[in-house]
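Pasting the structures here.
Here come two complexes built around subunit A, the first alongside subunit B, the second alongside subunit C.
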Partner chain A sequence: MNPKDYRRQVEAELQSSDSGAGLQAAAPQQSPEQAWEQALAQLANPSVPADARLAALQQLQAGTFLGDQFAPYMPRYLAALREAAVDADDRLRHAALDVLINFKDEFARQRLVEGLRTSERALVPPAAALGLLARDDHASVGELARDMLARSDDAHVRAQAVRVLGADPQSKSLLSDIMKDKGEFREVRRASAAALWRLDPGRFESDATDILQDSSDYPEIKATISGALERAGVSPESPSDSTRRR
Partner chain B sequence: MTGVAALSDDQLAAELEKLASPEATRCQGELLAMLREDALLYRGRGTTEAERLRAFVMARLARGGLADAMTAYVVEELESGTNPYTVAAAARAVQAMSAPPLDTVSLLEGAIERIRPVDDFVHLDVYPAPPGVAPTTAVAELVATLRQQESHAKPPDSCCAGGEAAEPHPLAPSIGALRDVELQNQDGTTARFAETFGGRAGVIAFFYTRCMTPDKCSRTVGLLGQVHKRVRNERPESQAVIAGITYDPDYDLPHRLYRYGADRGLVFSETCQLLRSVGPFAPIRETLQLGVGYGDSTVNRHRIELILIDRAGEISARKLRRLWEADEIASAVLALDRVSA
Partner chain C sequence: MNVEIKVDATDPNGRTFLTWAPVKGSVRLTNAGGAQGPVSIVLRNGGKPGGGRVIFDTQRSDDGKPDLRLSLPTNLAPVEFFVAGEFKHPSSDYGDAAIEAVDTAGTALGRLDLMVRIRKDATTLSNTERDRFLLAIGKLNNAGQGPFQSFRDTHVAPSRPEAHGFPGFPPWHRAYLLDLERALQGSDFRVALPYWRFDKPAASLFAPEFFGMPPSNRANGDVIQFPHGHALEFWKTDGNDPIERRPLYNIAGAPPQTVGGQPRVISQAATLALGTQYAQFRGMESAPHGFAHTSFQGPINNVPTAAKDPLFFLLHANVDRLWAFWQWLNRRTDPSNAATYSTAGNIRPPGNIGHKLGDTMWPWNQSRTPPRPTFPPPRGNMTASPVVNRPGPTPRIQDMIDYQGIHGGGSLGFDYDDVPFELQGPVA
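After this line comes the complex of A and B, so read on.
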C-alpha cells in the first residue's frame, strides 16, 4: 500500500471511530476539534498530572494523521510539546522530545545538543539524547558525536554516538577502526558495523573480511558480520569475489 | 565542505551585526550575500538552524529596504520552501516589495497549502527564536500577505515585476575548467568530465539523495528522466547528455545513485547518468558557483539549479531557484543539439 492510500485509510478509521481511540477518554459527543482543544490545554498545563498530559499528547499526535483537519492546531501543539519537553516528569519530557525530534524541531535539537555539552542542561541521559539526534541526518551533530566517543566510556553512549556517525561520511575511517577494535564494547562494534555498512558497503565488506579471517576475534562479532554479509548477498567464505546486489 | 566548523556565538553575533543598519545601501551587495547558501553564517550548522538564521536575515533585510533586491530568494521560498520560518520571512518580504512578481498571489496560495500541515509560531525579529507562542504563525503571515496583495493589486511598474527574478550571484560561463575532474556514475564507471560531456550538448542538474525537500532533488531527478525520454523519442540519434551530479559525493555512492534514479524512472545509458565526483567536490562547486551550503555531515541547504550546455561546453542557459518543467528543458536540449549538429 502506498503512503497516500495508507494515510487515507487511517484518516477514515479515525473519523469513523468518532475521532479515534485517543479521544475516547473525552466526552463521546465531542468533536475532534473540541477534544483537541481540551488536550492542548492539558498538555500545556504543568499542574495537570503527567499521566493525563501523556494521554493528551498521544491524542494530539493521533490528530496529526488527520492532516488538514488538524492543521490549525499544529502551532499550538508544537508550542505545548516544547513546554512538555522541559517538564519535571521524565516520561513526559522524553515523549515530547521524541515527537519533536521527528518533526525536526530546532528547539528540541538545540536543547539536546546543549545537554550533551553541559550535563546540567540535559533533558535526557546522553545516550537517549544521541539516539534522538541520530534520527536526523541534517542535525549537524557529527562533531559532537565524535567528541562523545572521545570522552565517554559508557557503552550505551558510545553505541548511540556511533549511530549518529552513520550519517557522516567523514567518519568512515573512525567507524572502521571501532568495528575492528577488539578492545571496544561488542555492542559498540556491532553499531559501528551497521553504521559503516550504511555509509560505505564496499568498505564494510573489506573490513568484514579482515574480521572473519582473524582467528582471535570474538565469535559473536563474526556471527553479526557474517549475517550482514549474507543479507547483502556476499558469501562470507569469499567476500572479495562477490558483487554487491542492488 | 562538510566538516567545516560553525562560527562561534561571538562570531555569529558579529556577522548578524551587519544587519543592524541594512538601510546602508553601500553595503547592499554584502548584505545580500548573506542569503547565499554558502555564506559564512550557515556553515557547519544543521538544516533547521540554518533556515532559522536565514529567515532572520531575510526579515531584517526586508525591513531595511532590500525586499525588491531579494526577489529571487523570496520567490524561491514561496514556490518550494518547506520551513515555516523561511516561508514566513519570504511572505513578510513580499509585503515590503514595491513591485512583487506577477505570480505572487498564486505563489502565496501554493505556500499556504504546503505549509499548513507543518505550521508553527514564528518569531522573525529575534534570533535565536524563543520556543513559545508568538503573535503570528507562518500560515497567518502568508494569509496576511495574500490579503494585502489582493487588496493592493497593481500593474507591474518596474523591471522586476512579472519576469524571472534575477539571480544576484555571479555565474560561471563554461564547464571548460572542469575537463579533468573525474566523475563516477551509478554503475561505478569512472570518466573525466571531458569524456562525459565533451563535444555534446546537454543538461546538468544538481541534487543529493538525502534532500528532504520534495520539490527540489526528488522532483529534479524524476524530471531528468522525462527530459531524456523526450529527447530520445524526438531525436533517437542524439548524443545529448542528460545528467545529475550530486552535491554529496561522499555519501552518494554508485549503488545509492542507481537506486535513487531507478526509483524515479531514469533509464540509465551513456546519455542519461547520475554522477558523483571521485575526488573533492570543491572544484565543481567553485567553478560553477553552485548555491549549496553544508552542515558538518551533509548539505544543509541548496537552491534548485540546472545548466544547459552546448557542444563547446559553454553554459547557454540556467534554471536557478525556480521549479522547471521537463518539456521546456527537453526543447532547449533538442535546440542546442540541432544547432551544433
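After this line comes the complex of A and C, so read on.
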C-alpha cells in the first residue's frame, strides 16, 4: 500500500474516532498529583469498596513508573499498602502483598513468614505465600519450604515449596528424588526439574537420562526434560558425552 | 544469459533482510549471451504466494513499484536500484520473498531470496513464527544461565532515571528493544520482536502455548503454567524466579481505557491525540504505558522487576510502535525539530544527562560515572547488526529518533507492520 493512501485512510479513521469515547480518555480530568492524592485516600479507606481500592492501587503503582514525579508520594503509598495487606478483602491483600514483595518490603516478608508458621496469621494461602516469598527471599524460607513439603499433599503448595528449594544447595538430593518420583504430581516434578537444573546441571542431566530411558515414565515429563536439554544445546540421545554442552 | 543481484542489507552469510525503508541494490549481467547492445530486464517480485513482497525504484523513494525495467550494459557493469519491503506484505519466513530478474519475454535470468523482516502484532503471528520467537528468547534465557539476565539487570532501580520519568523514556527503550532483538536474531535470524497491542483483545497471546496464564485460583500462586516442553518452561531470572503474572482484567478483552473517568490503557487513537508536540506525546509514559504494566500482578508491575517477565518486551514494543506511529503521522523524525524531541519539562539533575539529543545512553556507553549507575554495566556496547550499521556501539538519544533513516544515514533495521516508510522532504 502506498504510504500516502495509507495516511489518508488513517487520518479518516482517526477523525471518525474523534467523537468516540476513546479520545475523551486522552484528556485527564485531574493532574497526576491530584489523581494520586485521591487514590491514596481511597486505598487507605476501608469503607471504600474493594474494587475502587484495587483501582486506586493500580493508579498509584502506575505512578511509580514516573520516578521522581511520584517520589514524594512513596512513603504514604507504602503505608497504605501495608494497611491494605491486612485488609479483609483477599484480592486487595494479595495485590498489596504482591507490590510490597516487589519492593522488598520487610513488613510484608515477615507477615508472610508468620502466616506459614501459624495458619491463623496467614494473609494468603500457603502456596501463594511461598510464591511471593520465593521472589526475593529464597534462603530464609528454605526451612519453611522443606517443612511444607513434608506435611502438605497439595500439588500447588508442593510445587511452590520445590521452587523455593531451587536456591538451596542442600536440597539437591531431595529435588533429584522428587524429579524421578513417578508417584509425585507432575507439576511438582516439573518444578523440581527446573530447580535441579539451576542447582546442579550435571545431576539434572544424569537424572534426565534415567527418565528418558524409562519406558514407563510419563511422556509429559519426558517432553519437559527433552525441551530443557534441547534449549541448552544438550543432545538427549548422548547425555553422557562430556562434549555435548555448547 | 544470467544476471547477478546484490542488495546492501545482506549479512556475511549472504542472507538479505528488508524492512519498509529502501536500500540500495545492484544488478548486472554475468554473461552477455552474445547480446550486441544493452539488455532490457525487469526486476519483480519472485516470492511465494502469501509471502513477503518487495517494491523497486531507481531512486530512494516512498513510491516504489512491484516491477522495475532496467537496461544492463553488456560490459557486465552493475546498474543500481532501490528495493524495499512492500508495506503490509511482510515475510513470515526467510525466502518467502525474492527479487526476480526476467527478460522481456519473462524468462528468468536470476533471483535473490530474502526476507521482509518486520515486527508484527503478536496475535497475528503464525504458530511457526510464535514458536520461533519463543525458542529464541527461551534460549537467550537458557534456564537463567543465558545472556537474558544481562537484559534483566539493565532495567533496574539505579537505571530508572536514565529510562523513566524523563524525556529519554522513548528513545532509551527503543535502544533496549533493539539490543534484545538483535540478540534474538543471533539465535534465529528470522525473528523480529512481536508487540502486544494492549488496547485490543489479545487472548491468543496469553494462551498456554504462548505466554500462558497462572492457576485460575490465586490461592495457588501466580507462576505461569506452561505446557510440558514449552520453550519458556524453565524460564528463570535472578537465580531462580520463573514467570509470575496474574492479569487484573478479563483477558478475553483489553484492559480498561478509563476508570472513574481517568485515563488508563487508552486506545491508540487516544494516545495519538495526546498532542502533536513531543512534550505532549511523552505523557503516554503514564497512560497507556504505566497502566499496561499495572494491568497485572507480578514483577511486571514494578520498574526494577518488570524485565524479569518476557511480556515486558512485547509491551514495550507496542509503546515503541505507538511512538513510531505518532512520528509518522505527525512527521516527527527530524531530531533537530523541537516538536520531534524536546527536553522541556522534568529535568534530571545534573543537566538532564542521558536525555539530551547528543547524550550517549547507559549501559551501552559503559559509563560508571554518576548520575549514571555506578555498578559494572550489565550489557556491553549495543549489539551490532550484520545487516545495517546503525546506531553504532554507543547509541545517542538522537540515533534512536529517525529509526527508518528518512533523513539519511540508513535505518536501524526494524519496522512495524502498520507504520510505513514515508519521506518528509529532501533526502540528506
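The rule is short, and it goes like this: the second predicted complex is superposed on the first by the 209 of 246 C-alpha atoms of A that agree within 3 Å, B and C clash if a C-alpha of one lies under 4 Å from a C-alpha of the other, contacts with A are read in each partner's own complex, and residues count from 1 in each chain.
One rule holds in what follows: a residue touches a chain if its C-beta (ideal position, glycine included) is under 8 Å from a C-beta of that chain, and two chains touch if they have at least 3 such contacts.
Owing to the predicted nature of the structure, the values given are computational and were not obtained by experimental measurement.
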Considering only touches as defined above, state whether A:Ala167 meets subunit B (first), subunit C (second), both or neither. both
Looking at A:Ser140 after the superposition, I want to know if it touches subunit B, subunit C, both of them or none. Which is it: first, second, both, neither? first
First (subunit B), second (subunit C), both or neither: which does A:Phe185 touch? neither
Once chain A of both complexes is superposed, is A:Phe103 in touch with subunit B (first), subunit C (second), both, or neither? both
Could you look at A:Arg76 and tell me whether it touches subunit B, subunit C, both or neither (first, second, both, neither)? first
I'd like to know which partner A:Gly67 touches here: subunit B for first, subunit C for second, both or neither. both
Who does A:Gly202 touch here: subunit B (first), subunit C (second), both, or neither? first
Given the touch rule stated above, what does A:Glu220 touch, subunit B (first), subunit C (second), both, or neither? second
The chain contacting more residues of subunit A, comparing subunit B with subunit C, is C
Using the superposition on A, tell me which residues of subunit A are in contact with subunit B and, in the other complex, with subunit C. 67-68, 103, 138, 167
Where on subunit C is subunit A touching in the complex? 62-63, 86-88, 135, 138-139, 142-145, 160-161, 164-166, 215, 218-223, 225, 228-231, 233-234, 236, 239-242, 244, 246, 248, 257-264, 266-267, 269-274, 285-287, 289-291, 293-295, 297-299, 301-305, 329, 346, 348, 420-422
Please name which positions on subunit A make contact with subunit C in the complex. 1-4, 6-7, 10-11, 13-14, 17-18, 20-26, 28-30, 32, 35, 52, 54-55, 58-59, 61-70, 91, 94-95, 98-99, 102-103, 124-125, 127-128, 130-131, 134-135, 138, 156, 159-160, 163, 166-167, 186-187, 190, 193-195, 197-198, 220-221, 223-224, 226-228, 231-232
Taking the touch rule as given, give the residues of subunit A at its contact with subunit B in the complex, in rising order. 67-68, 71-72, 74-76, 78-79, 82-83, 103-107, 109-110, 136-143, 167-170, 199-202, 244, 246
Under the stated contact criterion, what part of subunit B meets subunit A in this complex? 2-3, 5-6, 44-49, 52, 116-121, 128-129, 131-133, 137, 139, 210, 212, 248, 250-251, 253, 255, 258-259, 262, 295-300
